[in-house]
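Residue numbering begins at 1 within each chain, and the chains themselves are lettered A, B and C in the order written.
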Amino acid sequence: MPELDEDQLLHVSLGPQHPSTHGVFRMNVLLDGETVVSLKPVFGYLHRNHEKIAEGITYLSSMPFTDRLDYICPLTNNWAYAQAVEKLAGIEVPERAEYIRVITAELTRLINHSAFVGFFLGDMGAWGSALMYAFREREKILDLFEDLTGARMMSNYMRFGGCRNDLPDGWAAKASVLVNEFPRFLDELENLVTGNEILIARTQNIGALPKEALINGGITGPMLRAAGVAYDIRKVEPYGIYDRFKFRIPLGTTGDCYDRLMIRLLELRESLAILRQALDQLPEGAYIHPKAKIRNFKPPVGEAYARIESPKGELGFYLISDGSAKPFRYRIRPPSFINLTLLEDMCLGLDLADVVLILGSIDIVLGEVDR
Amino acid sequence: MAIDLKLAEDLKSQGVHVTSFESLINWGRASSLWPLQFGLACCAIEMIAATMAKYDMARFGAEVFRPSPRQADLMIVAGTVTKKMAPQVVRLYNQMAEPKYVIAMGACAISGGPFKDGYNVLKGIDRFIPVDVSIPGCPPRPEALLHGLITLREQIAKEKLLGQERARHADPKGPGDLPVPEFGAHDIEPAFNPDVWNPPSFTRDVSES
Amino acid sequence: MTPDLPAIFTRLRAELPAATLAHLRNPGPSGQDSLLVAPACLVAVCQFLHDSADLDFDLLSNVTGVDWPDPALTDAVALPAEGSAAAVGGFLEVVYHLYSTSRRVGPLVLRARSVDRAEQVHIPSVVAVYRSAEYQEREIFDLFGVKFTGHPDLRRILMWDEFLDHPMRKDYLAPDDYQYEPTPHDAVLEKAKQHYPATSES
């Protein structure tokens, strides 16, 4: 390879306002012609000080803030935080509440993964059409969420020891209808996407890294499974009641952008399988532990780290309690942020247009990256 | 000069449309607003939802989101403006050509919203750029964004092109580029643009307590 | 599955006799005990945990900082090591959560503590062992002011480069850009009094 001439290199600043960066992410890219020589991400354009604010307010007051972390999937964020506090304080969750949590979390995964496909195709230049299909389905699921939580997006639904309110009358039946109709949309989406020649040409053999490098880089979630590592927290450390359901973990082989896309499409089918079982088995009972304390809640001194498999990867909360009503330390382990660690390694030597694609395939949400 | 409304109606029934140049210009502007494709945070998702099939912002002529500020006339500030982002927002505003309008979408863009206690959160984009319409909500529903858009269209329809009360873009001595804040050691400097915004002058009434 | 901390502790004692370690008990119900590691031997401990075939802690999931400004609080909450003297003047702490993807074990919690909060805030970087620490250590440097020695690119990550403070420290004072509120109370009321004097006191 010939020596690079410094004067011939081109500095490009992608973002923070750029149609492909999914928000206010910025990359300083150094190009040799079209080839990426160096890529340095710049963070912090949406650093909203969630952790600092949370250390100044009570435990429950942070629940609405978690909605705004990964704002496509508020309910999984709620769950991760509720689980961490339950671990910290040793709170039990009734069975019905566990089922409601699984149902809402898997519906959230449907929203996230179908929107992912839309945004990813948008990054490739198919702006609009695939996203329109995804958002059509999202609206149906949001109607369910609105029935249940009162809000389309910012649900603020889970409580320490259960959920805020019970399912409204007929909600489970409506959800079943949605779950039964969803495969039709999936077939439609897959027809539209998977065999497409342009998509295959653009995504195969792009952005792959060896498994060991991915694990070492802290990559989790669909990104890791696309490379063939069977690591899904729902299976390896079944939280809630995930050990009761029968579902498979789709695995890729190479971990390129195509595999990452396909993993999401396959995971949608598995989420539907979980949803069917959960809606069938949904028991009667309390939706929140009768002794769960809402007011004047003070967990004992100690610390806890709890994590869940959010649609983006491992979402963890680390809390230290000093026995008062406010957390002494409140830390979020954001999957979107840590999945970006290896972004430069994935992009080196590829074209600038592939950078946009690789960033899209990581599936980031800036609310979670910068917090 | 005012138009005789009755005469105009009579002519209209015969297929002749009479209008003022001002109304025609404003009608054109209001009916094809091109927003800047620029999402900051959570509200951006609802902004995208508003352009999609169910809400269909195209009905109001504002679905052509432009990635370049040079081609846009409407900036929808959709989400939390952080202090790190504020200079870029002002720069984008400066790069848009007049006439330009700003919608502050959501509690964060209006006042910092739930994150107003944050050290890196700007307490309202109106501290740096003039805002035409504010849409409360966290996030506002897509219907609320559409309502905000309609409100803006009504405002544009009333704009004056001449005289003392003419719109900013019709004034050749208009404000021009706004100063871009700089990163300081503890905060952005200045913390607000005094030509655009000043701290409200309230007096705290404590007689009741 | 939670790791068998006493066994790992004995193992590390045997393999790395020079390492200064302490087992910290977690008083809360979560039962996540941790291992206090002296900064000087942190990288060696991480390297061993990573390379050892039967332990195989290959995923460093979470790295975070904690600010302990107050020695009294430290004694009550920060789990002082058995037999060690209480810290004077507070310190900064970095907490690591390790997992093993092959053995499905975790979290193994490691902690490293700086000498004080002002000058001696150096902790060795583990990026050479675990790449996932790269951005997280930069974040801790930015928000807490821990200086990671040996980090390939230690710059601010969330705040801008010209920024001087470390906002996640407990004694950080945010810039005063109070916004008027119609119904202030508590701390906000105090701020309101500074910015807007009352018309009539009664």
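Heads up, the rule we're going with is that contacts are C-beta pairs under 8 Å (C-beta built on N, C-alpha and C of every residue); 3 or more make two chains touch, one makes a residue touch a chain.
Fair warning: this is a prediction, and the values are worked out from it, not measured in the lab.
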{"item": "Farthest chain relative to chain B (centres taken as mean CA coordinates)", "value": "C"}
{"item": "Which of A-C and A-B has more C-beta pairs touching across its chains", "value": "A-C"}
{"item": "Rounded Å distance, chain B centre to chain C centre (Cα mean)", "value": "43"}
{"item": "Chain centre separation in whole Å, for chain C relative to chain A (CA means)", "value": "25"}
{"item": "Gap in Å, rounded to a whole number, between the CA centres of chain B and chain A", "value": "32"}
{"item": "Chain B, residues touching no fewer than two other chains", "value": "84, 117-120"}
{"item": "Junction residues of chain C, two or more chains touched", "value": "158-160, 167, 172"}
{"item": "Multi-chain contact sites of chain A, meaning residues that touch two or more partners", "value": "44, 47, 49, 52, 370"}
{"item": "Partner chain B, residues of chain C touching it in the complex", "value": "158-165, 167, 172, 174-175, 177, 179-180, 192-193, 195-202"}
{"item": "Contact set on chain B toward chain A in their complex", "value": "36-42, 44-46, 48-49, 52-54, 67, 69, 79-80, 82, 84-85, 88, 92, 114-115, 117-121, 138-139, 141"}
{"item": "Residues of chain A touching chain B in the complex", "value": "16-19, 23-24, 44-50, 52-53, 56, 64-65, 68, 71-72, 131-132, 135-136, 138-139, 152-154, 366-367, 370"}
{"item": "Sites on chain A touched by chain C in the complex", "value": "43-44, 47, 49, 51-52, 87-90, 212-213, 215-220, 229, 231, 236-237, 299-305, 307, 314, 316, 318, 320-323, 328-329, 331, 333, 337-338, 340-342, 370"}
{"item": "Residues of chain B defined as touching chain C within the complex", "value": "84, 111-112, 116-120, 123-124, 183-187, 191-192, 199-200, 202-207"}
